[in-house]
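For reference, the structures are reproduced in the following blocks.
Two complexes follow with subunit A in common, the first pairing it with subunit B and the second with subunit C.
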Partner chain A sequence: MSQDPRAMSRRQLIRHAAWFGAAVGFSVVGGEVISHVAGTAAAERAHARPTLRFAQVSDSHIGFTGAPNPDVTATFRHAIDQINNLGYTPDFVIHTGDLTHLSSPDQFDQAKQMLSGLRTPHVFTVPGEHDSVDDAGQKYRSVFGAATQGDGWYSFDIAGVHVIALVNTLNLKKLGHLGVEQLEFVEKDVAGLSSDTPIIVISHIPLFAMYPDWGWGTDDATQALSYLRRFSSVTCLNGHVHQLFSQMEGNVTFYSGTTTAYPLPHPGDGPAPKPVTLPAGKLGDALGIREVSYTKGQTALALKEDKLQ
Partner chain B sequence: MFRHHRVYIVLLAVSVLLLAGCSASRPNAQPSVTFGSNASGTPGMPGMSGMPSMTGAPPGAATGSSAAVAGDQVGIDNFAFAPATLTVKAGSTVTWTNHDEEPHTVAATDGSFHSPGMGTGATFSHTFPAAGKFDYVCSIHPMMHGTVVVTQ
Partner chain C sequence: MTLTDIMLRIGFAASLAVSAASHAYLYVHGYQYIPTIGTAFLIQASVSFALALLILLGGPRWLRWAAAAVGGGSLVAFTLSRTVGLFGFSERGWEPSPHAAITVCAELLTVALWAGALVRWRMADRSSTAAPRRVGKVEAATGSGP
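What follows is the complex of A and B.
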C-alpha cells in the first residue's frame, strides 16, 4: 500500500475508511474525492442542518437462513435501530432491494412490518431480483408498489433534490434491465428540470458495469444516464453487490451500498457471487447502513458508511 | 469510462458526530416530498413517528416442493446446472435440486415451464411429454444456462 494518500483509489479510500470504521465524510468535488471532517469549513457547515439528509439500507434478505447469517431478522432489526439512533431524524429512508430472500408473502409482510419501525416521515423501496423471483414483481408491488408507475418505478422531489427510483430486476437476460417503457419514463421525468437540480437515482442492481460477469451491471443504463448528462450533480445509489464501492463516470457518481444480511465476494473472487461466511464475530463489520446528506450550493452529496455496531 | 482521480485525504475525524451533536440547536423541520404529476398517490410508506421498534414475525420457511422422485436429476451447485445438458426420453420427469445458499429458478426460454424460487435444498420437477430441445436459465441469475434434450 502506498504511503502517499494521494495515490489511493476511491476503492482503497472506501476500504480505508471502512477499515478504521471512522466517521469519514467524503465528497467528490470537481473530480477529486475529498475526505472532509472536523476542519474549519467543515465544522462551520456541520452546525447547519443539511438541506437533505437520508439513510440507505439494503439487501436484508428476510427468509435467508444459511451459515453466513443464521439470523437476518436480527441484523435487519439492528440496522433499523441504528438508523433510529442516528441523533437526527432522516428525511427519508430508502431500502435498495432484496427485502426478501424468496419473494414469499410472509417475507414481504415481515419486511414491511420491520420497515414500519423506522423513525422517519417516508420509507421508500425498490425491488431486488430476490423480490421478483417468480412473478415479475407482482407480490412486491402488492405490498410496496402503491402509487408507483409501470413495474414499480417513481420519482419525487424533496428539498430541491429530484429522486428517481428505478426497477432493473425484471426481464433479466444477463445484466440488470430497465426496458423501453422505463427509459421513456426517465426521459420525460427529467425533461422539465433545470440542469442545476441535483439528481439522485436509486436502483437495486448497479447502473454502472461493476462486474458484468456476475450480472453486476445494467444493460440499458447508458441510455437512462444519457438523459441525465446535462445535470451538474447526478448520484446513483444501488444495492445488490453487498459491499461498498464507488465509481465516477463523467458527471455521475455511483455508490454501491452494503447489506444487512451477509457479504458477497469481491468481484471475480471465486467462481460465483456466493454468500461468504466470515469468522465468528466478523459479520457486523461487513454489514451496515449509509447516511447521505446534501447541502444546497454543493455539487456532491456527502456519504457516511456506518458498520452495524 | 472510469477515470482515475487523485484523492486527497484532508483529515480523518468525526464530523458527523459533530453534525449530529449540533443539529439539535437548529429547528429540525423535515422537508416535504412532492411526487411527479403522473403519480396517482404517494409511493413508499410512512415511517413510524416515535414508537419503539416492533418485533417482526419469524421468517416463513423456505418453500420446498415435493421430494425428488426417481427420474433424471439436475443439480444446482455454485451457480451452475449440472449436467448443463441432460438428455432424457420423452415422458421423463426431470428434477432439479438447489444445493446453493442462493435461491435459483428453472425457467424455460420458451416459457413452457418456470419453477418458483427454490431455496436451499428445494427441488422442482417437470415432465417432458414430447421430443425437443429445451433451453432454460435461472431467472434470478440469467448467466446460468441449461438444456434438456428430449428424445423419442
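What follows is the complex of A and C.
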C-alpha cells in the first residue's frame, strides 16, 4: 500500500500545532497587554473618582400598550431601580425624550412621579415627538420646562463639562429640526467657552444622519455642529431610535441610546420603524440604561451600556 | 530561503504590525466603549500582532492565509462601517485621521503580499510537479513551506 505523498507526517502535524498554539498564545498575550494599557487608563480614572458620572435613560413611552411591551411602567420602574443601584450616586440623570406615549396629562404626571424616585441630585429631560403630540410641547414644558429657554432648550455647566440640551422634535416634517432661534442659542452659548471644554449635546432625534428615510436625523444639525467643531471633545447623546448605535465624525461622537419600552427595527429592516415584538424572555436584552463618566484630562467620555436585568 | 522570501516576510510583519498598532491605539483612545466594535478592535490588534511576530519568525504558509483573512476582513468591516453600518456603528470617510488611511493602506498591503505569495506558491508547486524528487527532498528537510 503506497502512502499519499501530500499527507502530513506526524512531525509536521506537531510543528503546525506548535505554530497554531503560539499564534493563540501570542494573541491572548497581545490582547492582555492592550487591555492592560486601556485598563490602566481606566484604573487611573477609577482611582481618582471620575469628574462627572451620570446616567441616560430614554423612550419610556409611559402609556404605551401593546404586545411589544405589555407593561412599560414596570420596565421603566425597573430602569429607575437599576440606576438607583449602580453603586454610586450619579451626578445627574438625563431622560432623552418620549417620556410619554401620547402626551396626556396623566402620562406626564406619572412620568414626573416616577422620575422623582431617582436617587440623584438632578434629573434633566428633553422632549420627544411623543411628548408633543397635539400641543407643540406645551404640556411637556408645563411639567418639565422650568428654567428652559425658547421651546424647552437649555444648557448648564457641571464639573467642568458643558451640557447643551436641544429640542429637535417640534416643527417636524420628516427629519428633526432645530430652527433658527435654537441655532442662534447654540452659537451664543458656546461662544465664550475655551476649546478644551468637553461638550455634551443631548437631543431626542439623532443629530447625525442615522437613517433619514425613517426620519432618523436632523435637517439643520450640520449648522449646530459647525459651532462645535473647534472643541476637542463633543459627545452627542440621543434617544428616539430605541437601539444602540454609534457614529464618529471627527471630534464629534454620536451615541444613540436604547429604550425602556420596546425595540424598533434596525435601520432599513422593513418599510417603517414599527415596534418589534420579541420572543418571550428576550425583551430585557433590548432595553437598557447607559452610564457615562468623564475624567478631567481625558478626551473621550467613557460609556457603559447596561441591559435591564 | 531567498531574499524575496525574507522581504515578503518582513512586508507581512510590518503591514500587520502597523494595522495592529493603529487598532490598538484607537481601542485605548475611546473605541473600547463602542459595543462590539471595541471588542473587535481588541481582537484585530492582538491577532495581527501575533501573526506579525510569527510570520517574521518564519512560520508556515497558513499564517499568511490567516494574515490575508484578517486584513481582508478588516477592509470589509471598514467598508461596511462607511456604508450600511456594522454592529450599530458607522463612521465617515477617512475619519479618524490619519488612522483610517494608515490601516487601510497596511491592510491592502497585507492582501497584496498574500496575493504575491500565492503566485509564488503556485509557481513553486508547478516546479515541484515537474521535478517531484528534488522538491520532495527540500520539503522533507524544512518541514514547511516558505
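Keep this in mind: the second predicted complex is superposed on the first by the 267 of 309 C-alpha atoms of A that agree within 3 Å, B and C clash if a C-alpha of one lies under 4 Å from a C-alpha of the other, contacts with A are read in each partner's own complex, and residues count from 1 in each chain.
In this text, a contact is a pair of C-beta atoms (placed from the backbone, for glycine too) under 8 Å apart; a residue touches a chain by one contact, two chains touch by 3 or more.
None of the values given here were measured: they were computed from a predicted structure.
**Student:** Which of the two partners, first being subunit B and second being subunit C, lies in contact with A:77: first, second, both, or neither?
**Tutor:** First partner only.
**Student:** Which holds for A:87: it touches subunit B only (first), subunit C only (second), both, or neither?
**Tutor:** In the superposed model, A:87 contacts subunit B only, not subunit C.
**Student:** With the two structures laid over each other on chain A, which partner does A:249 touch: subunit B (first), subunit C (second), both, or neither?
**Tutor:** both
**Student:** So, A:68: does it touch subunit B (first), subunit C (second), both, or neither?
**Tutor:** first
**Student:** Based on the superposed arrangement, let me know which partner A:280 touches: subunit B (first), subunit C (second), both, or neither?
**Tutor:** Neither partner.
**Student:** For A:267, select first, second, both or neither according to whether it touches subunit B, subunit C, the two together, or no partner.
**Tutor:** second
**Student:** Specify the partner with more touching residues on subunit A, choosing between subunit B and subunit C.
**Tutor:** It is B that touches the greater number of subunit A residues.
**Student:** Regarding the shared-chain residue A:304, is it in contact with subunit B (first), subunit C (second), both, or neither?
**Tutor:** Both partners.
**Student:** Based on the A-chain superposition described above, do subunit B and subunit C contact any of the same residues on subunit A, and if so which?
**Tutor:** On subunit A, the residues that contact subunit B in one structure and subunit C in the other are 5, 22-25, 31, 33-35, 37-38, 247-249, 304.
**Student:** Provide the residue numbers of subunit C that touch subunit A in the complex, in ascending order.
**Tutor:** 20, 24, 27-30, 32-35, 37, 42-43, 45-47, 49-51, 53-54, 59-60, 62-63, 66, 84-85, 88-92, 95-97, 132, 136, 143-144
**Student:** If we count contacts the way the header does, which residues on subunit A are in touch with subunit C in the complex?
**Tutor:** Subunit A residues touching subunit C: 5, 11-12, 15-16, 19, 22-31, 33-35, 37-38, 41, 243-250, 253, 256, 266-268, 299-305.
**Student:** Which subunit B residues qualify as touching subunit A in the complex?
**Tutor:** 1-28, 30-36, 38-54, 56-60, 62-63, 78-80, 100-103, 105, 114-117, 119-120, 139-143
**Student:** Quick check on the complex: what are the subunit A residues that touch subunit B?
**Tutor:** Going by the criterion above, the answer is residues 5-10, 13, 17, 20, 22-25, 31-39, 42-43, 46-52, 62-68, 72-73, 77, 80-81, 84, 86-89, 91-93, 101-107, 109-110, 112-125, 129-130, 133-134, 144-149, 154-159, 165, 172-174, 189, 213-215, 247-249, 271-275, 291, 293, 304.
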